[in-house]
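The structure is given below, and queries will be raised subsequently.
Lettered A, B, C and D in written order, each chain numbered from 1.
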Amino acid sequence: MQQELRIISKQKIARDTVEMVLENKSISQVTVPGQFLHIHVQGHMLRRPISIANVDASNYTVTIIFKILGEGTRKLSTYDVGNKIDVLGPNGNGFPLDNTTQASTLLVGGGIGVPPLYYLAKKLTEQGTVVTTILGFQSKEHIFYEEKFRELGNTIVVTNDGSYGEKGFVTNVPDEVLPTIDRYYSCGPLPMLKAVKERWITVPGYLSLEERMGCGIGACFACAVPTDDRGGYKKICQDGPVFTAEEVYLG
Amino acid sequence: MNIAVELPGLALKNPIMPASGCFGFGREYSKFYDLHVLGAVIMKAATLQARFGNPTPRVAETSAGMLNAIGLQNPGVEKIIKTEVPFLASFSVPVIANIAGSTIEEYRQVAKAFEQTNQVAALELNISCPNVKEGGIQFGTHPQMAQKVTEAVKEATNLPVYVKLSPNVSDIVEMAKAVEKAGADGLSMINTLTGMQIHLASRKPVIANRTGGLSGPAIKPIAIRMIYEVKQHVSIPIIGMGGVMQAEDVLEFLLAGASAVAVGTANFQNPYVCKEIIEQLPYTLKQYGFNSVKEAIGKGIV
Amino acid sequence: MNIAVELPGLALKNPIMPASGCFGFGREYSKFYDLHVLGAVIMKAATLQARFGNPTPRVAETSAGMLNAIGLQNPGVEKIIKTEVPFLASFSVPVIANIAGSTIEEYRQVAKAFEQTNQVAALELNISCPNVKEGGIQFGTHPQMAQKVTEAVKEATNLPVYVKLSPNVSDIVEMAKAVEKAGADGLSMINTLTGMQIHLASRKPVIANRTGGLSGPAIKPIAIRMIYEVKQHVSIPIIGMGGVMQAEDVLEFLLAGASAVAVGTANFQNPYVCKEIIEQLPYTLKQYGFNSVKEAIGKGIV
Amino acid sequence: MQQELRIISKQKIARDTVEMVLENKSISQVTVPGQFLHIHVQGHMLRRPISIANVDASNYTVTIIFKILGEGTRKLSTYDVGNKIDVLGPNGNGFPLDNTTQASTLLVGGGIGVPPLYYLAKKLTEQGTVVTTILGFQSKEHIFYEEKFRELGNTIVVTNDGSYGEKGFVTNVPDEVLPTIDRYYSCGPLPMLKAVKERWITVPGYLSLEERMGCGIGACFACAVPTDDRGGYKKICQDGPVFTAEEVYLG
């Protein structure tokens, strides 16, 4: 579960956004969409949780996409092809695929919440599920993987500043342009998840949550999320990061 | 090489144990290695009732350390005894229960509850948790309060009691002497130093609780100093902790006067760290001319 | 961008100054850059008589920090006034004299001596040096003692007095209030935390004095927490310090409640650090939405 | 005075001992034997003082030789050719060459005190001074630069364990095998320097001292050495590291 993964490609795919393809036998065979790697960055005390964005089981690779946000991701972005990354994982539960192939499914991703949805979209379409994706980015320069999502289904991109697609949030996309949906999956910042949950309140949905983590494996209680307002909780790193929309209390 | 060490109520096959709150109740780490290799396990703090803890974020990273304000989240002593203690005991490793409370009465009751199971080898009295509103750190920064709670717990139970000292004090020796006088069987030191980090973009503390406890290598020099000072003024043994990352650090704690060593934050970076330290320790001791753990204890005091 | 800031007796063109003991009397760093760029300079501690200080080794490296036990080595106040103050004053930068003593009388006399020259803008009362046998830290860990020495110095001089607090206390707010009550014009915080490192091969403390003061990024969370707490309870300004390495750190100190910021240990790693921070600060302030230093002070307090 | 020096060669020259040749214009032109570089090692708070072991002014290089002792030198030894090293320097005073060319000069070096003596021996022989060198190492495996010293003059190597040359300390070398000397230069651990000072008490000598440093430039008083037992002192990093044998009090 703790392993060294060799970087076999590294690419800047958008502003401050890096894609790395990592070589690993075991992780590439077992990963479920939505799981994450808990990555040790040299000189940093705590590991960084980064979603698995794609898996190529036959070539034994996993892909991560991360945004350079602070010191840790900045340092990680300096790692070169051939270097190894020390990871724990795959951690967390991942998205349940619910293989009722007829379902019309909506994926809603914002910013650094987009990566895990790509592998999810791939897996869903593989099993025949029809996927519509809404992706929200800060601006045109931050957009990545748009084409890749389009190859898998209808994809709508919005930006906060309107520099590409409609201006606004993922939840501003009007009903008219969306199919009737039976289920949704979402990953992104908390305010976005709240808005998604509210907008599609009648639709069964899955949310992938983010929180600052310590251990990343369920031992330290850093990442507890309330399941109600009466003291119930789940651990994001272990019980999540994916939860049904009802089971978590987003405050 | 003999790395066993004997402490009141604890016959340890080696001096290494995970620190309270950094290893949960062992379940997660048991997937990484057989917990039987450990000298002991210190469980996460137990309170009388279940506690949800503080709002998140609960952790932040600092230079060579981290802040945490978990807020004593735990399922309550009864549930711990029913589901967690038996699990840990199944590895036949001594289990130390870390207990916390808001009142002296709560400490007493939690202690009593642990005594009723025969699977707990010792108690660690957490009188130094900086992350809760009442109790915790008040007990740990006033010698009279520390003395009182120690006496009460000693009276309530026959289990050996290790009192965990807070480093957030002007005079650590005074605190240590107070709890020794109150009957403590050993000391555990140090808990975290109260710290804060401010998030520049949001202009507020990163930790929702505002302050958190600083742990990790950043605080090791403070831990070493406090143990070194206390060792010369008490005759009860010390379980040392604060920033241990590798076997060399363990030896530094032994030299300063610790008889055993707990490893906290390092588990988050390397889940195998306790096992690796245990494997390395004999070589490190040998390298520096020691034939046993016992031989090294307090040898750095000049 | 206005990065000037006004403190009692100190009209600073920017809030950055080297911390006491980490910049000598400026001579060496003046070879790296023109000291005129600095907001102010805090001189190395002055005592009444020349002092040789502690035996060596006097420094050790720790994780994200260092220990020092220089022991207040200095040529004595008279010589400092004769040879060092005029040199620093020649850069037309406000000079702050850090003063230390073993007795209240010594503090008074050193303060008086500095007042006689008109080239010293303010005094920083070092009541928190952990590295000397008498005086120093005792004054800094007992509120009554701190109050007394502050009163005595205030009485002896008309210079603004900044009292430098020790973090080695159970209750920093109590200390701050005591010296405010005694008439302090400002606070300087934090000094170093007492720590120790043990050398494994020689089995003894690395620092000849055994313990030393811990500084550097390791202690920043403690400094931020203490300033954040103190700011809410006093109305005198705070010069913040402890682990500043870059402009972001300065902003963090401002948000926590500091009005100016001193840079210590970082000078050893990068002799240009103060200058670089001063140049970077306007951009950092702007990046986080501030139009001046003043605007940021205390803005992180929630 | 703070500069980035590119590593142009790196070589293990003895057990735990690394030689690095660094490229730099200014330092290579001004260095005096016995001066040191104050080296920043990534992830370390304090710089490491390392002597300049050789200078090639025409090729703009300076050479350092260091022993892997602790974390800092271990990390430094992982730097590769092409990487840059952040240094302050040249720091300190260096050995006065006293160009009375007739003098018969003894150099006495122990362990990591050997490197600065090499550049000194070169400079001395260049000016026609006759040099005899005694070098002390822990064991055979630790010996370096023996041949290079031999090229410059009579060289005697001793080892602590007798695995090469005579067994013993540099001060055990008998008078019979040494010329009459007019002056000596010595660098090595404190006990060695004390013994050297005592043995050649009647001969004018220079000692290069070592101490843990903070600033390395004279500002922090970390490296004070007493000049007597009455409170006089010098700073090793600034007034030294080289002192006349009489002016320092070695306790």
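Criterion: a contact is a pair of C-beta atoms (placed from the backbone, for glycine too) under 8 Å apart; a residue touches a chain by one contact, two chains touch by 3 or more.
Nothing here was measured: the structure is a model prediction, and the numbers come from that model.
Return the chains common to the contact lists of chain C and chain D.
Looking at chain D and chain C together, no chain touches each of them.
Farthest chain from chain C, going by the mean of C-alpha atoms per chain?
A
Measure off the straight-line distance from the CA centroid of chain B to the CA centroid of chain D, and report it in whole Å.
46
Let me have the rounded angstrom distance from the C-alpha centre of chain A over to the C-alpha centre of chain D, please.
It comes to 56 Å between the two C-alpha centres.
What is the distance in Å between the mean C-alpha positions of chain B and chain C?
Chain centres of chain B and chain C, defined by C-alpha means, are spaced 34 Å apart.
At least two other chains touched by the same residue of chain C: list those residues.
62, 64-65, 216-217
Under the definition above, what is the set of chain A residues touching chain B in their complex?
For chain A paired with chain B, touching residues are 1-2, 40, 44-47, 72, 88, 211-226, 231, 233, 238.
Looking at the complex, which residues from chain C come into contact with chain D?
Residue list for chain C touching chain D: 21-24, 27-29, 31-32, 44, 50-53, 56-62, 64-66, 68, 70, 73, 206, 216-217, 265, 267-272.
Which chain B residues qualify as touching chain C in the complex?
62-65, 67, 141-142, 168-171, 193-198, 200-201, 203-205, 210-211, 214, 216-222, 224-225, 228, 243, 248, 251-252, 255-256, 288, 299-300, 302
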